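I've put the structures underneath this note.
You will see two complexes here that share chain A, one where it goes with chain B and one where it goes with chain C.
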Partner chain A sequence: MSSAPIPFRTRAAAHGFDGVTLLVIPALLLLAALFLYPFGYGLVLSLRPKDGTWLGNYFHFFSDPFLYQTIATTLALALPVTAINLLAAVPVAFRVRRMQHQRLITTILVLPITLGTVLVAEGMLNYFGPQGWFIRTLSLFGLGSPSSVKLVHNYWGVFLSLVITGFPFTFLLTLSYVSGIDVALENAAATLGARAAARFRTIFLPLLVPGLAITFCLSFVQAYSVFPSAVLLGAPAGPTRVISIAAYEAAFEQYDYSLASAIAMIMGAFQLIVVVIVLMSRSLFYRGPAAGAKG
Partner chain B sequence: MSDTASQGSRHIRDIGSRLWIISIWTLLIFFIVNLFGIIGSVLMSSFATRWLRSWLPSGLTTNWYVSAWSEFQLSDILFTTFQVVGAVVLLSGLLGVPAAYAMARRDFIGKRAVMLLFLLPMLVPPITYGIPLATVLYQAGLGGSLIGVILANLVPTVPFVILVMIPFIEQIDPRIEAAARVFGAGTLRLFWTVLLPLLLPGVLAALLLVLVRTIAMFELTFLVSGPTSQTLVVALYYSVFAAGVRAVQSIDAMAVIYMAITLIWLIIALRFINPTQMVTRGKQARA
Partner chain C sequence: MSARNSFQSLRLDHVGRTFGAMNALRDLTLEIKRGEFVALLGPSGCGKSTALNCIAGLLTTTSGTIWLDDIRIDTLAVEDRGFGMVFQNYALFPHMTVRGNIGYGLRMRGVTKAELERRVDAAIKTVRLESQADKLPGQLSGGQQQRVAIARAIAIDPPLVLMDEPLSNLDAKLRLEMRQEIRRIHKGLGGITIYVTHDQDEALSMADRIVVLRDGMIRQVGTPEDLYLRPARIDVAEFMGFRNRIHGKIAGVSNAPIHQAITIDVSGTMFEGVTMTPMSGHDVTAMIRPDDLIPAEDHQKGIEAVIEAIEYRGRDFFGSARAANGMELFFRSERPVAAGESIRLHADPSKVLLYDGQAE
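Let's turn to the complex of A and B:
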């Protein structure tokens, strides 16, 4: 005696597939078509260079100093900026965490993120320019003059713009991690006589490391893909010729989409490598709940 | 003896921690002062008759706004911007909210892979995937068109809506929906009278964030847009890039118009959300 076959609908529902699950399909199709497919297409395209060889683009990239040096240029900008932003964000987040007017500070700091790099770049050209308010103030205090201090159209222009848009981003992310840590843990340590520095080292730091690792990755990836400010505030032909400029030029100035795709793939690969290194080293530290044992 | 010594070291530590606190505040205030200086110098310059080699401009005028409006064809650009932003907000809501609902309510095979696909466009920077995406869109004949710009902008916004909405939907008790079903509500009625009112605050917050982000989204629009499909931020980039062709004040007037539009929507958005939500991406960022 065989039982009646289980209807398909019931079997599918048991695996979590029913009418509601289908709602995910439109969004899934869109991203498959506009994110996955372009990536795959770009990868295939990058392997079909003009000279007909298989890895021609990649050999070309790593043999032409004008191209492969962009990696070092980009890293020389992105790594120090990310490190400085993170190092500054942690103590500031700890101060702001207990502040009364926390929302005022966070609102002010969200401004540069919202306005975006293009507007910040235009403002910086005025403000940090040779006749701008910043250098005027410096020379007022005898700290420099328009001829001795140059803050735009060089490395420092891009560096500063990455601090101005990157620090708020890093700070707000750090703040959300810091406020996620149960105050009871700190209070317990303080009751037991641990001073601020010891509390930070033994309580907060171990709990924060996973969050800080993710913050570092997200901030780094943003800084690594710097484009508008590297053109507008830097010296895009020389010291701040970052990798995104090389990719853009290949695509839209030389119309070599194959080479451009190869550069985009290399850019993605380098971001991935740094992110993987950071996230792997994260696992060397404590991972666990950041809340107290009792609710 | 040892008492005074420990008091002394404690005194030094107090001074040390006070210095530490002061230096942190100084750092933050210095940053904010410079930030306001950057924004203020754009504002000041846009009203300046002539501003060379001095602290303040020699006179004030509003003429630059009139000339910027015609020089940069701002009415066309603003119309394009509103079309793009409106379509992106609407479509990312229509695609993102149902997907978030499915992700929050069902556990299906391959859910982790789907989640990864939704996370990646938020983690990979736009310029990295923008170049292959622009190539594909140009091949499909959509490069430079309004539709191409809208499609490109959906890539980061749809996952954004999904990631913001998943925790929001998860905290709505499914028993409310079950109760409505028990009392005989059909799917449509359930949606209109139960789900929609409950979801509305979250959807509103998510879409306001999408709106602010899309106005300011430079990279993707820049890579895909053509002469007739530039949004305001891309037009601003081109005018700053070609500095010297037009008067600085004219460019700054355009920058102020861009700033005003962004800030109005930011202020509206901040009534519904916390500023930290501008950077955290739903609960995933806390994983």
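Let's turn to the complex of A and C:
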């Protein structure tokens, strides 16, 4: 009995390739055109500085305090903002999870995302500005004056705006991770004598850590690339001269695209370092499914 | 701890729970003695899980009180009740080993390390999981996970063990094994086990006493024999496997030794049976198990019907047939019969339970 050869389709399907696989082609093309090519182009461009030495831009960046200090400035904004957003999102998510009108609450909390950073910045300039309601209310009760409380055009202006625009994003991600934990686990812990704090520490926290790490990374990346609010609400010449401003100035004020590309590469590298550190720390914790067991 | 474990009884006094306008549990009054294994039995939505959760403290009651001897417990928080609970989906902590799961309750109680080791070992031994002790729940089979869930609940030495359909996720063979296992563990603990199930076989084979619930109310409380042989109501009978519900009219009364025997007229066919309830009128409902409705050898006896479907069950055949008046009958036959055949079905009078009225 001669066996017929196995058709190509069947063999390909056994390796995970079938008709559906072809559907990823548009995405791959898009990725190549909009990310891979520009990234490669930028990398090559950054290695062709005006002075001719191929690492010249990078030496320049790390020898000029006005440039390399932007890294510290950016991290000083992005790290605490991300941490605060995450710390605030966890309790809110726990509370919202148990609410009946979860959708309404979620919609209200998510609204700032739809506004965009510029609108939020404009609003904050008025509200927190020297003549804004916030300062006026403070001075009405003798708690401060426009000269003693300054919340715009400095570090705190950018900080606040990043918290406001970043929180909904952090919250949404956190909520999805928190809701992913089976309620029965908490009930089981309670019947075994664990009080709320112990339940959080021994059940929820270990199961949430991997998700919170991802949330931290995504929120951090968002805060790290801050540009509009750093310009509009900060002091872009000094305390909030973040790395994206440095890149912008190099590109569009000095017309040194090569240096701008190098700054962008450095920006990406530092971002990657933080993300990798956070993701690697996940391996210290349990990373399996957060459900009780087989359903 | 020891004072709690020398308790004598758990008492539910008119316990009720509403969800908005819905009465999930009404007026549940029940006393369970130490050492008893009680099954809460009923179809889904009957309130059995609500009752269990109220006892556990996972749900607050909206009326009534719950007592462990003279300690009122319905006002205590879940974590202060100290009852062991086995959840339907086991609810094992996925990030802790078997040992970690089982020792969780003891760690929360702050027992010493040596004591903890000893008691976790004992619990692991009770459920025969010695070789799996250091695995994570995800690495265990469904049956092993079930054992971990039981061990975790009993490790804290609870006066009450509450089980919420613990076997419903297991395959048939494992279910049978675990029934005996759970009985054995219950005997070893000597406390109260309350077991929620919708499976009457499970309740019959495991429980000392069965509480049948329907629409949030107790319909009957009794031993497995009581429920199997003498269901007090039509709906309980139906739930206990009396699938044939036949409406008839009283045609004659005689006094048999134990029960009053009545002959009923079902569209011209006479059925004799025993009364389960006082009769208020002429209308009677007869309940018969498919097991007990069999082909009549005598061509004068029984109700005539045409076989519609036949199922082979090894030792005998089970089938459904339709009588001339359109009624569907479920029967058992030892000899092979075929669909389309005409057949006369009858039952021994002692197996025909008669209830007042033709409700529903």
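For the reader, a short list of remarks on this structure follows.
To be clear about the criterion, the second predicted complex is superposed on the first by the 272 of 295 C-alpha atoms of A that agree within 3 Å, B and C clash if a C-alpha of one lies under 4 Å from a C-alpha of the other, contacts with A are read in each partner's own complex, and residues count from 1 in each chain.
Everything that follows uses one rule, which is that a residue touches a chain if its C-beta (ideal position, glycine included) is under 8 Å from a C-beta of that chain, and two chains touch if they have at least 3 such contacts.
Given the structure is predicted, the values throughout are model-derived calculations rather than measurements.
On the superposed chain A, the two partners chain B and chain C both fit, without a clash. Chain A is touched at more residues by one of its partners, and among chain B and chain C that partner is B. Looking at the shared chain after the overlay, A:Arg195 reaches both chain B and chain C. Look at A:Leu207: by the touch rule set out above, it reaches chain C but stays clear of chain B. Looking at the shared chain after the overlay, A:Asp182 reaches chain C, while chain B stays out of its contact range.
Once the two complexes are overlaid on the shared chain, A:Phe216 sits clear of chain B and of chain C alike.
Of the two partner chains placed around the shared chain by superposition, neither chain B nor chain C is touched by A:Tyr155.
Draw one line from the C-alpha centre of chain A to that of chain B and another to that of chain C; the angle between them is 80°, to the nearest 10.
With chain A used as the common frame, the shortest Cα distance separating chain B from chain C works out to 11 Å. Once the two complexes are overlaid on chain A, the chain A residues touched by chain B in the first and by chain C in the second are 195. Of all residues in chain B, only 13, 17, 20-21, 24-25, 27-28, 31-32, 34-35, 37-39, 41-42, 45, 52-53, 55, 94-96, 98-99, 101-103, 105-109, 111, 114, 117-118, 120-121, 123-129, 131-136, 151-152, 154-155, 158-159, 162, 212, 216-219, 222-223, 233, 236-237, 240-241, 243, 248, 251-252, 255, 258-259, 262-263, 266, 270, 274-276, 278-280, 285-287 touch chain A in the complex they form. Residue ranges of chain A in contact with chain B, taken from their complex: 15-18, 20-24, 26-28, 30-32, 34-39, 41-42, 45, 88, 91-92, 95-96, 103, 105-127, 131-134, 136, 164, 167, 169, 172-173, 175-177, 180, 195-196, 211, 214, 217-218, 221-222, 224-225, 227-228, 231-232, 244, 247-248, 251-252, 257, 260-261, 263-264, 267-268, 271. Here chain C touches chain A in the complex through residues 56-58, 77-85, 87, 89-95, 104-105, 108-109, 136-138, 142, 145, 152-153, 156, 169, going by the rule given at the top. By the touch criterion given at the top, residues 182, 184-185, 187-195, 198, 202-203, 206-207, 285-286, 288-295 of chain A touch chain C in their complex.
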